[in-house]
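What follows is a pair of complexes built around subunit A, which joins subunit B in one and subunit C in the other.
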Partner chain A sequence: MEWLQETYATYQSTLAYIGLNGLLALSVYTTLSCGQLALGNAGFAAIGAYAATLLTMKAGAPFGLSLLLGALLPALVAVPLGLPVFRIRGVFLAIATIGFGEVVRIGLVNWEYVNGAQGIVAIPQKASVGLVWICLAGALFVLSRIRGSKWGFALEAIREDEPAARTMGIHTARYKLAMLVLGAALAGLAGGLEAHFTFMVAPNGFSFGRVVDMLVFAVVGGAGAFYGPAIGAAFLTLLPEVLREVSPHLGIEPGPLRMLVNGLVLLAVILFLPQGLVSLPAWWRERLASRRSA
Partner chain B sequence: MQQAVNGLFLGSIYALFALGYTLVFGVLDILNLAHAAVFMLASFVALFLVGRSGLHILVAFPLAVLFAGLLGVVLERVAFRPLRARADSNISGLISSIAMATVFEALALWIWGPNVSRFPFGTIPERQFQVAGAVISRLQLTIVAVAVAIFLLLTWLVTRTRLGREVRAVAESPRAARILGVDVDRVIAWSFFISSALGGAAGVLFGLAFNAIQPDMGRGVELKGLAVIILGGMGSMPGAVVAGFALGLTEVFVVAHLGASWRDAISFAGLFLILVLRPRGLFGAAALREA
Partner chain C sequence: MSAGLLQVEQLERTFGGLRAVDGASFAVRPGEVHGLIGPNGAGKTTVINLVSGLLAPTGGEIVLEGRPIHGLPPHDIAGRGVARTFQNIRLFPELTARDNVLVGQHRRRRPSLAARMLLLRSAREEERQAGERAAALLTQVGLSERVAERARNLSYGEQRRVEIARALASEPRLLLLDEPTAGMNPVEVQAVAALIRQVASGGRSVLLVEHNVRLVMDVCHRITVLNFGRVIAEGTPAEVSRDPAVIAAYLGNPK
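This part shows the complex of A and B:
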C-alpha cells in the first residue's frame, strides 16, 4: 500500500495531465469531427482558466460554480466567434482562429488586473486527479452518445462533403457552430481544472504552441474515433516520463529528446497511420492476414 | 522619421519571410508551418559559419541561404510529397509540417542549446549615418539593400524565366500544367527550394539585426508571417511584400505610441478582421474556390 501511495505521489501530476490534455485534445476533436480545423482552443482554455480563477479568488464562489462558469463563458464567446468565422474554411479557418487565440493571450498580457504576463499565483488547489478524470469520462460519454445518432451522422456528412450535406437539408452552419461551442466548453473546463490543480495561470501557458499540442494529441491518437484524442493525449503525456529515464543512456538532454521524439511520432503517424494510433490494431490484423495469404 | 526607417527595416525582413510562405501556399495550397524552423536553422548555420569557421558574413550568408533551400527540398520530399495524393492533403500537410518544425527545433535545441547565441562582435562593421534627422546604421542599410536585391531577383525569376512560368502554371492548375508537359514534381521541389531560401535569408538577416539567435526564435515570426500573407492575399507575392512593409511600419509606430506590449495585438487583430471581412486580402486575385 505504501508503495502504491508513493507511486501516486510521484506521478500525480502526470496522471492529472493525461486527463487535462485528454480534455483539450477532445476540444479540438469536436470541430475536427465535422471536418473543420479550428485552432482557437488555447484562447478558450485561457478564458475558462481566468474566469474560474477570478471567480474562486475574487468572488469567493464555490469551486463547482467557478468550474461551471469557466466552461460556460468560453462557450458563450464561441457563438459570436463562430458566426463570422465559419464562413471561411480550410486553412483560412485555422488561421483566423489562431488569430483569435493570440488576441486573447495578448489581451491577458496587457490586462493589469490579472497581473499581465506574470499571471495569477497561489490559486487554491481544489482540483484533484480524480475530478479531472471524471470530467474526461463525462466528455467521452457525451461524445460517445453523439456517434451513431442523427447528430453524429450529420457531422460525418459535413466532414465528407459539406455542399452535399447542405443539399440534403442538413443545417451545416448550426452543427458546426454547436461543435465549436462544445469544444470551447471542454477547453474552458480543462483551463479551469488546470488552474486549480497547478495553483497558477499565466498567459504564456495558452500560446500557439499549446493549441498545436492539442492538435498533435488528437491526430496521433486518431481523429476518426471519439476516444482517439484521449488515447493520443495519454500516449504523448506518458512518453516524456519514459524518455526521461532513457535520455541519460542516449546522451541527449531530455528536453530536445522529447521534442525530437514528438516530432518523429507525429510524422510517422501522419505518413503511415493516418487514422492514428487507434487504427493500429486493425492495421496489424490486416498485415497478419496479408502475410498469411501470401 | 526615425520610426519610418526602423519600420522599413523590420518590414523588409517580414516581407522576405512572407514571400517564401506565400510562394508555397500559392503553388500547393498548403501552409508550411516548418517555414519558421527553416528561418531559425539558417540563422544558426550562418552563425556557425561565421563564429566557428571564421568565414566572412558575405560568404556565410549565401551558404546559409543555400542550406535553407536544400532543407526546403528535404522538407518537401519527406513531409509533403507522400501526402499529395490524399484528399485532405492541405490539413495533413499542415500537420506534417508541424512535425518537421518540431524535429528541426529539437535538433537546434540539441546542438546549440536553449540559450541565446550571438554573432561575434564586428561581423558587420558598426557605422551610423545621419539622414534627414534619422540615425541609420550600416547594418540596417545592408539588410534593406539585401532584401530589395532579393525582391528584384525573385521578380525576375518568376516573371522572366522558364522556371517562373512553370511555377505559375502549377500554381494555377497542377493538372493542366502536367498535361502541358511540365514536370510538376520538379517544379514543386524548386518552389520549396526558393521558398525556404527566402525564409533562410530572412532568418540570417533577422539574426544579424537583433543579434539574438535561439531555437524558438521562429515562433513569433511564424504567426506574423501568417498575418502578412493574409493581409497581402494568400499566394500573392507583391501583396506579401507590401503587407510585410505595412506590418513593419505599423508595429514600430504602435510600439512608439501605445507601448511594446500591444505590438503583437495589431497583427492578429488585423489578421482576424481581414479574414472575416475580406478573406482575399488586399491583393488576392479571385474569390476563394469552393472545395
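This part shows the complex of A and C:
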C-alpha cells in the first residue's frame, strides 16, 4: 500500500500531464477533423489558464466556476477569430492562427496586472489527477458522439472535399467555426486545470513550441480517429519518464536523449505509419496476412 | 417567367477575357429532362457551376421557382432543392459508398447531436432510417453489393452511380447531371438512362449535360444547344438534330 502511494506521489505529475496533454491534443484535433490546420490553441489555453486563475485568486470564485468560465472565454474569443481566418486555408490558416497565439502571449508578457513575463504563482492547487482524467474522458465522449452523426459526416465531407460538401447543402463555414470554438473550449479547460495543478501560470508556458507539441501528439497518435490524439499525448508524455530511467545506462543526458527520441518517433510515424499509432494494429494485421499469403 | 422550374436569363460569366457563358437563356420545366449539349468548351459545365452556386455569374439571372438564386452560396442553393454530380467525379474518397450517400442526405436529416449526447434511442432510430434510405438509393443505382466499399476503391462507372445516388439523397427538385455516363460501358449507360427517366417521372427535373448523343436523344424532352457560351438552338431532340446551326457547330460549316 505504501509502495503504491509512493509511486503515485512520484508519478502524479506525469499522470496529470497525460490528461492535460490529451485535452490539448484533442483541441487541435477538433479542427483537424474537418481538414483545417488551426494552431491558435496555445493562445486559447493561455486565455483559459489566466481567466480561471484570476477568477479563483482575485474574484474568489469557486473552482468549478473558474474552470467553466476559463473554457467559455476562449470559446467566445474563437468566434471573432474564426470568422475572418477561415477565409484562408492550409498553411496560411496555420500562420494566421499561430500569429493569434503569439499576440496573446506577448499581450500577457506586457500586462503588468498579471505580473508580465513572471506570471502568477501560488495558485491554490485545486485540480486533482482524477479531475483531469474525468475532463479528458468527457472530451472523448463528446467527440465520440459527434462521429457518425449528421454533424460528424458533415465534418468528414468538409475534410475530403469542401466545395463538394457545400453543394450537398453543408454550411461549411459554420461547421469549421463550431469546431474551432469546441477546440478553444478544450484548450481553455486544459489551461485552467494546468494552472490549478502546477500552482503557476506564465506566458512562456504558452509559446509556439507548445502548440507544436499538441500537433505532434495528434499526428503521432493519429488524427483519423477521435481517440488517436489522446493516445499520442499519453505515449509522448510517458516516453521521457522511460528515457529518464534508461539514459544513465546509455551515458547520455536525459534532456538531449528525449529530444532525439521524440524526433525519431515523429519521423518514424510520418514515414511508416502516416495514420498514427492507432493504425498500428491494422498495419500489423496486414503484415501478417501478406506474410501468410507469400 | 411562369412555366419554368428553373429560368436562366441572359446568363453571363467571364474568366478574364474569356466569355465562357455569354448571354445564355433557357428554362427547365417541372418533370422535364432538359439536355444541355454543345461542342467542347461551349460553356456547359460553367452553366452547371453557376446554377449550383460554385461560381457566381458576372451577369444575368438564375431563377428557381420564381426566386432568384444567382450569387447565393452553394449550400443555400442546395437547400432550395438543387443537387448535382460532377464531370470530374468528386466523391468523398475515404468514405464508404453508404456514407457518401448519408452526406447527401444532410439537408433532409433531423439534427441528432443533442440526442446522441444524451444517448437517446431516438438518435439511433434516426440514424437507422438514414442508413436504410442510403442503402435503398444505392440499390436503386444497382450498387447494393458495394454499400460498405470505400469510394476510392470503386470502379469509374460505380463511382458515377454513387454520385447520382448521393445527389438524389437530398430529394432535389432539380438534378444537375454533368456527363453522368462518361467512361461507362453501354450496359451502364442504359441503366443510367432508365434512372433518369425514373427521376423525371417522379416529378423532378433533370438538367443533363452529356456527350453521348444517343442518350441525350433518348431521354431528353427538350434540348438547349450551346456554342461559345451562346444558345444556338433549342427544341425537341428531333428539332435540334435537324437544325442547320447545330450541324454546323458540331461538324463545321459546309463550304
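The definition used in the following text is that the second predicted complex is superposed on the first by the 294 of 294 C-alpha atoms of A that agree within 3 Å, B and C clash if a C-alpha of one lies under 4 Å from a C-alpha of the other, contacts with A are read in each partner's own complex, and residues count from 1 in each chain.
As a convention for this text, a contact is a pair of C-beta atoms (placed from the backbone, for glycine too) under 8 Å apart; a residue touches a chain by one contact, two chains touch by 3 or more.
What you see is a predicted model, and the numbers here were worked out from it, not measured in a lab.
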| item | value |
| --- | --- |
| Subunit A as common anchor, with subunit B and subunit C clashing or fitting | fit |
| Per-residue contact with subunit A, leading partner among subunit C and subunit B | B |
| Contacts of A:Ile146 with subunit B and subunit C, given as first, second, both or neither | second |
| Subunit B versus subunit C as contact partner of A:Gly138, first or second or both or neither | neither |
| Touching partner for A:Pro124 - first (subunit B), second (subunit C), both, neither | neither |
| Subunit B versus subunit C as contact partner of A:Pro163, first or second or both or neither | both |
| First, second, both or neither for A:Pro248, with subunit B first and subunit C second | neither |
| Contacts of A:Gly90 with subunit B and subunit C, given as first, second, both or neither | first |
| First (subunit B), second (subunit C), both or neither touched by A:Pro274 | first |
| Contacts of A:Gly99 with subunit B and subunit C, given as first, second, both or neither | first |
| Distance of closest approach, subunit C and subunit B, by C-alpha atoms in Å | 12 |
| Set intersection of subunit A contacts, subunit C complex versus subunit B complex | 163 |
| Residues of subunit A that touch subunit C when the two form their complex | 142, 145-146, 148-151, 153-154, 156-157, 160-161, 163-172 |
| Touching residues (chain side subunit A, partner subunit B) in the complex | 37, 84-85, 87-92, 94-96, 98-100, 102-103, 106-107, 109-110, 116-117, 162-163, 207-209, 212, 215-216, 219, 252-253, 255-260, 262-264, 266-267, 270-271, 274 |
| Complex contact set, residues of subunit B against subunit A | 25, 29-31, 78-79, 82-83, 86, 90-92, 94-96, 98-107, 109-110, 114, 219, 222-223, 226-227, 230, 234, 261-262, 264-265, 268-269, 271-272, 275-276, 279, 288, 290-291 |
| List of subunit C residues in touch with subunit A within their complex | 52-54, 73-75, 77-79, 83-84, 86, 90-95, 99, 102-104, 106-107, 109-113, 116-117, 123, 127, 130, 166, 170 |
